[in-house]
Amino acid sequence: MLTAWRARLGILIPSVNKTMEPEFYQMAPRGVSIHTARMTQKIDTIEELLKMADYAPKAASDLSDAAVDCIAYGCTSGSLLGGPGHNEKLLASIKKVTDIPTITTSMAVVAALKELEIKNVCVATPYHDDINVKEKEFFEFHGFKVLNIQGLSCDGPETADLSMKRVYTHSKGAFRLGSDALFMSCTDMPSLEIIQALELDLGKPVVSSNTATMWMMLKKVGIGEPIEGFGKLLTKPRINGKL
Amino acid sequence: MLTAWRARLGILIPSVNKTMEPEFYQMAPRGVSIHTARMTQKIDTIEELLKMADYAPKAASDLSDAAVDCIAYGCTSGSLLGGPGHNEKLLASIKKVTDIPTITTSMAVVAALKELEIKNVCVATPYHDDINVKEKEFFEFHGFKVLNIQGLSCDGPETADLSMKRVYTHSKGAFRLGSDALFMSCTDMPSLEIIQALELDLGKPVVSSNTATMWMMLKKVGIGEPIEGFGKLLTKPRINGKL
Amino acid sequence: MLTAWRARLGILIPSVNKTMEPEFYQMAPRGVSIHTARMTQKIDTIEELLKMADYAPKAASDLSDAAVDCIAYGCTSGSLLGGPGHNEKLLASIKKVTDIPTITTSMAVVAALKELEIKNVCVATPYHDDINVKEKEFFEFHGFKVLNIQGLSCDGPETADLSMKRVYTHSKGAFRLGSDALFMSCTDMPSLEIIQALELDLGKPVVSSNTATMWMMLKKVGIGEPIEGFGKLLTKPRINGKL
Amino acid sequence: MLTAWRARLGILIPSVNKTMEPEFYQMAPRGVSIHTARMTQKIDTIEELLKMADYAPKAASDLSDAAVDCIAYGCTSGSLLGGPGHNEKLLASIKKVTDIPTITTSMAVVAALKELEIKNVCVATPYHDDINVKEKEFFEFHGFKVLNIQGLSCDGPETADLSMKRVYTHSKGAFRLGSDALFMSCTDMPSLEIIQALELDLGKPVVSSNTATMWMMLKKVGIGEPIEGFGKLLTKPRINGKL
Amino acid sequence: MLTAWRARLGILIPSVNKTMEPEFYQMAPRGVSIHTARMTQKIDTIEELLKMADYAPKAASDLSDAAVDCIAYGCTSGSLLGGPGHNEKLLASIKKVTDIPTITTSMAVVAALKELEIKNVCVATPYHDDINVKEKEFFEFHGFKVLNIQGLSCDGPETADLSMKRVYTHSKGAFRLGSDALFMSCTDMPSLEIIQALELDLGKPVVSSNTATMWMMLKKVGIGEPIEGFGKLLTKPRINGKL
Amino acid sequence: MLTAWRARLGILIPSVNKTMEPEFYQMAPRGVSIHTARMTQKIDTIEELLKMADYAPKAASDLSDAAVDCIAYGCTSGSLLGGPGHNEKLLASIKKVTDIPTITTSMAVVAALKELEIKNVCVATPYHDDINVKEKEFFEFHGFKVLNIQGLSCDGPETADLSMKRVYTHSKGAFRLGSDALFMSCTDMPSLEIIQALELDLGKPVVSSNTATMWMMLKKVGIGEPIEGFGKLLTKPRINGKL
Amino acid sequence: MLTAWRARLGILIPSVNKTMEPEFYQMAPRGVSIHTARMTQKIDTIEELLKMADYAPKAASDLSDAAVDCIAYGCTSGSLLGGPGHNEKLLASIKKVTDIPTITTSMAVVAALKELEIKNVCVATPYHDDINVKEKEFFEFHGFKVLNIQGLSCDGPETADLSMKRVYTHSKGAFRLGSDALFMSCTDMPSLEIIQALELDLGKPVVSSNTATMWMMLKKVGIGEPIEGFGKLLTKPRINGKL
Amino acid sequence: MLTAWRARLGILIPSVNKTMEPEFYQMAPRGVSIHTARMTQKIDTIEELLKMADYAPKAASDLSDAAVDCIAYGCTSGSLLGGPGHNEKLLASIKKVTDIPTITTSMAVVAALKELEIKNVCVATPYHDDINVKEKEFFEFHGFKVLNIQGLSCDGPETADLSMKRVYTHSKGAFRLGSDALFMSCTDMPSLEIIQALELDLGKPVVSSNTATMWMMLKKVGIGEPIEGFGKLLTKPRINGKL
């Protein structure tokens, strides 16, 4: 690929994140490139995750220099911990430095689950329980029933080094009968490699923070081409009346 | 790829840069991931390119949070415009925030050309002439004879959108008989797609800012596996006595 | 392929055209060869495009020496600028030198859009506005509603060098909600590489001057084999009651 | 391929020719397109082949509108029948209308055989014997020893429809022990599909009018990439001191 | 394949036939081998085609030594020229030397056309008209309407050397609107390579003597696996109540 | 493949043989077809193998009707059991009915072993010992030292059904240190699938009756293209001074 | 595969068995490994097959050390010969040493046939008739009608060396019209390679001891991904309400 | 694969081992199957590793029922901890129950390193230091210089779940300049996936317990075919004078 002729996607990611960039490059369709700016966040405490937002405007401004067509605030917990209105606040702070369309991961997850018409969901996370509690509230606020949410009590830096077996077993273990889908939370938890297998094994859609974010960005920039291999969400038509 | 089991490479790039990330992902061997931090730089003036260095320490610190195994200051002109000692100054400023091994693109180009035993070189750039003059001095300072250096007078933002035909024709046109190699300068000038073809057509090694930077990073982290398809440099054994 | 055992297709093209030949070879099914004769036309003015018709009979006669099974007057604007009756005049002048079945690009576009049951269409062109006006009238004369037509004000020689990004962005930008299809006008505007992606991204059929011309020629010579990869039109069955 | 980023090659061909275009597209490396202009010639008589030259300047002018990087007068007998000086005369007439570098097929064949260091050659043609006699003289004039030359007495229009078996058997039958190579004469005799097999079966290089012409054009425009699958000639490095 | 673990098919062919063996090997599914015995027939006269039957019992006996699971009398005209009862007579003569299930090509063609529910058929043959007349009567006797039958007046030995273009053009030319299928008659007329293309171009099933014979033999020996690439007939399920 | 444009090979085989035809089709290079005529032989007794020769002239005459370019008497023991002069007698009897170049399998084996410069050979056969004794004498007569010859005491009809494991184990078991090659005797013993593996495992060339016969036929008809996958013999250049 | 991230399957097999391990590795989906423990059984007598059960607890205990997720008693006859209650007894004896979910082959076969809604079945076995009688009773006890059961009277050690042809012919020969499926009994009878072909040829599902066992183990451990190439059973969704 | 026509390999493995079986199946060449018997060993203490030998004779006897061609005692530490003579004792105890050729992993490692002409070696293990000390002595006893040996202090059961990143980093970290090779000890440490990459990155041969054991078994049973993809050792010719 010489030039991204179709779209450039910009992601704002926590500095500790090691997974979102390679997973985004793996999903990217022909003619799409991915560009990153980092926001300082070293450890997964609620405090630090909230503080990270301060770095967003400068990082978004840097991405706007790269002429990206869409920006994502690429952090699940970091965009929902603040409770109702958190996403809106993040978007407003970025809006001040650039007019490029912007989304957040937690917004994307809500939209993705609605696209798949999910009502009951199970959630597998790498987090400590204090964050899981907040995430459960977030989903309930948006009208989902959370049948189970379960974490691995990671501190953050080790999340990206979780083995395939660990992530697969943990995620499968978090699923409950009666759930319409499994959500694998955290843009830093490696999951892309196993989403398809997990979806086939559970017989229900599996969505991750990264597939949801990619899906919503592609929808925003009008790229409708189905992407195969990473779960049902990305294979769905992405065209709507709002282009 | 679930986890980068072999190495994580961190690149510090000008905020305007749209090419280094996709080209690095295209070259990356199995088990290697690429991570980015941006330094603000909006236009290719000597002044702004020099000022960009102020953002390096913070950006390097962010990359260190991602536990990268090596960091590159990913800008050719930006690491040579300051004249002799410029590279050393950049490295020193980064050394203050992290001990992760660090290189710069211009260092990597010098090392790569020496690896290929080049003495006479031609250089194709997207720059205005004031930068070309500095680059010529840089190569001469390092003992190379520059048979020709030629620019496209781009201001910066449009560099990444140059067409394949434009880059191919410009680069080939900058080559002179008697030259041992062609160097395609600028981590933002799209060139990876055509390097192999150009090398076959000129009958001499072709090195770009991005292939040189990738090559030196892999050498630093001890990844010796040859990479095919992007010119002779990356196919050479990368093992040396210093591991 | 040793011999074109299925059909030989002859195209009359403006001398300035650099795109129709490679795109036709890319689309050609097994056993089909493409043969060209040029008609002098150096620049995209209405005057010169009309004058080009004088070269058609001699060029068609040359193609008949190559025993082609069908001839196309391969120019969109050049076959519609003269208003109602233009196509008929062109065909009559060629009929005088050879009985080989002949079509024109603008005829083919009308037939292709009807095949796809299009009523409302958007049009992306490389032309100046004077030509766009004529093209809009042509479509309206044939019963289509033109929701939008938009040009790039190219003079002609540079059309074939437009980058993928430029053509993709321009064409997508010309599309309007409510349109049943997008038509990419001009046999010299490079579009074949991106038609499929554009069609998937817009969720509506995309037809180009070259896909329409190829489709109608194949229909004429009775080649029904679907061609994949270049938009919906060429994948449709091409058999009808008239063989 | 959206745009020919590497080179555009222009071929002037007899109107009756049905083989040179598909064989050239089959050989064309990545980034190279082929463009055609026809010169009227309906039957293979010496008279008509010589008269065809009158159409060359207009046809070359048409090709120059397509901004080709090199032009070939694509006819073997038509560029040698006039005896010593014929090629030079053709080039001079074209030089008057365009400065684009131009070659002829018979020049290319001589250069190709010299490149392969051939001294003794056998020649298979589709021609009547009067043309074969001229061709033998042409090779002898250029210092080759012709061990055998043998034709199929085709009148012209049927040449392109010769079956693979017929061309293979005829060409193999024209070979004699002691010959350094086989030359398959005529840009209209289909041979590309079998050259490789024939070369392996004879154990000596096989050159055709079309492989020689392609080889010399690529050399002229500085495309050195080896082409596999069509005989030894095209796999040789094409770089020389004159670029 | 070390051993034909699924079935061995034996074909009795005219000594002049050069096409049935390679076409049968091309169609053979995994685990099936083809074995041949020849019956003397040098030229396509009605007399010689009828006389050939004298060689059948000895040839069938030879095939029975190879433990084939089914035998086919592999000649279309040779199994129908004798008029009603000809097939029965052939089978009876073979039955005397072996109990291996035996069919003839003309029986197979009738069964194949019925399987495809054909009522009106066009027939392309390589024969002289005297044979075509007999073949028409044969089809009519079996209840088909023959819209057109057309031959190439071959004497026999040259049939196998007909070019792809010749067979394609002739066969397509023999088709008439309103026909449900095209039948390409003669086990020696090369057609396997183009059947699929022809079927797609006509939009109707195309059956050849060889595809029909292979289809019926596979059915006899209970091999139901669909075979792709040689027309609709061979892709149909071959299981019936009689195993 | 529509027509055998390169060569047609004719094989005379014992009626009981079930292996030579599929193995020959597996080895055949592009453009080569195989045609068979059977000679009655039901069981592997010396008497019947010798009597089979009576059927050769009629069978060879049938093959000549198929215009084959070369004929092979495809039986190892059947062409050597008669002692010195046996091959010559067979060829003479065939010469009476056709001038087509003819070889025998045992001639081919001798030539193949000489081509590979074998002096000491081990031989694996499916035969009873009376035939093995004759075969040993045959090799000794032609100047080879036979380190070991070993049979499976098959009666004939079951030879073609030997399992891969049985043939591999038997053949490997017949090999002795100091041997330059292994010869797997009998055109009916399935061996093509395992020759390459056996050759790699023994570290010495392995030749079978079928690879030797194919090799010599290709040499006779001037097909030099190396064939990969069936042992060293067929990969060697087949060009010599006698074309 | 570095680690079995999805599941580890443990099989208890008769010591004489040579087929279950390679067939299980051939079927295993991505991320699944197979582990074996042997139970002494040297010959296929009813007595020895029953005695083998004594070795099961120790072998199961060894497999539990390998942390397998499921255990199968991999022997068909060995898990049914004891009559009603045999399976339950086996499971109980294993339950004493480990809580890992355990199944037996005969249980799996019953479940698999029910999954496919089979009522009438034919059975091909390698056994002597005394075992066939027991197997028939077993199926009837479980409510199936056995239209035919047929053995090869193998003693045991030679079962794994049966040739493809032998197993295919025997199995096909055991099938009767009116049967809903064919069951190929015995985990040691090589059948995986031919199941797909046999299923296509019979037009009915074919289940083997090994495909049934694999299918039930995957279901137990919650792996729903369809496996292609080994018959209909393994391509069916494996998700149920009991996970 | 229906039947292992080339060889059956039998491995005796510790009951806790989860890696040797899948890695052996990944390496196995065409026609080779792997068969396992387990010896009880639950944890990596010297005591338990030594006690495991008691289970070897019964396990070897079980493998002999499967007619394997070679047996390996598949445990590195378990075959060397006993000091000089340990291997001999193990072989003797197995010799009592079967004559099948038997090797041990530690014997294989010594032979493999000698085959590669290694003098200085570094060793990466998953063991506690008490075992590392014994392993160092073992190598020194056999004449190697151990530049470094380094363990991961695993207790045993978790060894097979080590991540690719962990094994790669640990093994690379154990390497020292001046070493001729790296040995990755333990048949249960997953390494096959990364051996090739590690070898390319270190520029020296990398041997694992499993590649060494496979290599020696293939040598024993006379399988010389090179195996690509798992390090230099398995690509070397395996033929010697002792067959």
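The letters A, B, C, D, E, F, G and H name the chains in turn, as written, and every chain counts its residues from 1.
By definition in this document, a residue touches a chain if its C-beta (ideal position, glycine included) is under 8 Å from a C-beta of that chain, and two chains touch if they have at least 3 such contacts.
Computed from a predicted structure; not experimentally measured.
Visitor: Kindly list the shared contact partners of subunit A and subunit E, in label order.
Guide: C, G
Visitor: If you apply the touch rule, which chains end up adjacent to both subunit D and subunit F?
Guide: Of all the chains present, those in contact with both subunit D and subunit F are E.
Visitor: More contacting C-beta pairs: F-H or D-E?
Guide: F-H
Visitor: Over half of interface residue numbers shared between subunit G and subunit H means same, under half means different, so which is it?
Guide: same
Visitor: Would you kindly tell me how far, in whole Å, the mean C-alpha position of subunit D lies from that of subunit B?
Guide: Using C-alpha averages as centres, the distance is 44 Å.
Visitor: Among all residues of subunit C, which ones touch two or more of the remaining chains?
Guide: 3-4, 161, 163-165, 194 - these are the residues of subunit C that touch more than one other chain.
Visitor: All pairs of touching chains?
Guide: Touch list across chains, by label: A-B, A-C, A-G, A-H, B-C, B-D, B-H, C-D, C-E, D-E, D-F, E-F, E-G, F-G, F-H, G-H.
Visitor: Considering the complex alone, what residue numbers of subunit B touch subunit H?
Guide: 3-6, 29-31, 222-226, 237, 239, 241, 243
Visitor: State the interface residues of subunit H toward subunit G in the complex, per the touch definition above.
Guide: It comes out as residues 1-4, 8, 14-19, 21-22, 25-26, 33-42, 59, 61-63, 65-67, 157, 160-164, 167, 190-194.
Visitor: Using the touch definition up top, name the residues of subunit D that touch subunit F in the complex.
Guide: 163-165, 168-169, 172, 175, 177, 194, 197, 200-203
Visitor: Looking at the complex, which residues from subunit G come into contact with subunit F?
Guide: Within the complex, subunit G contacts subunit F at residues 161, 163, 165.
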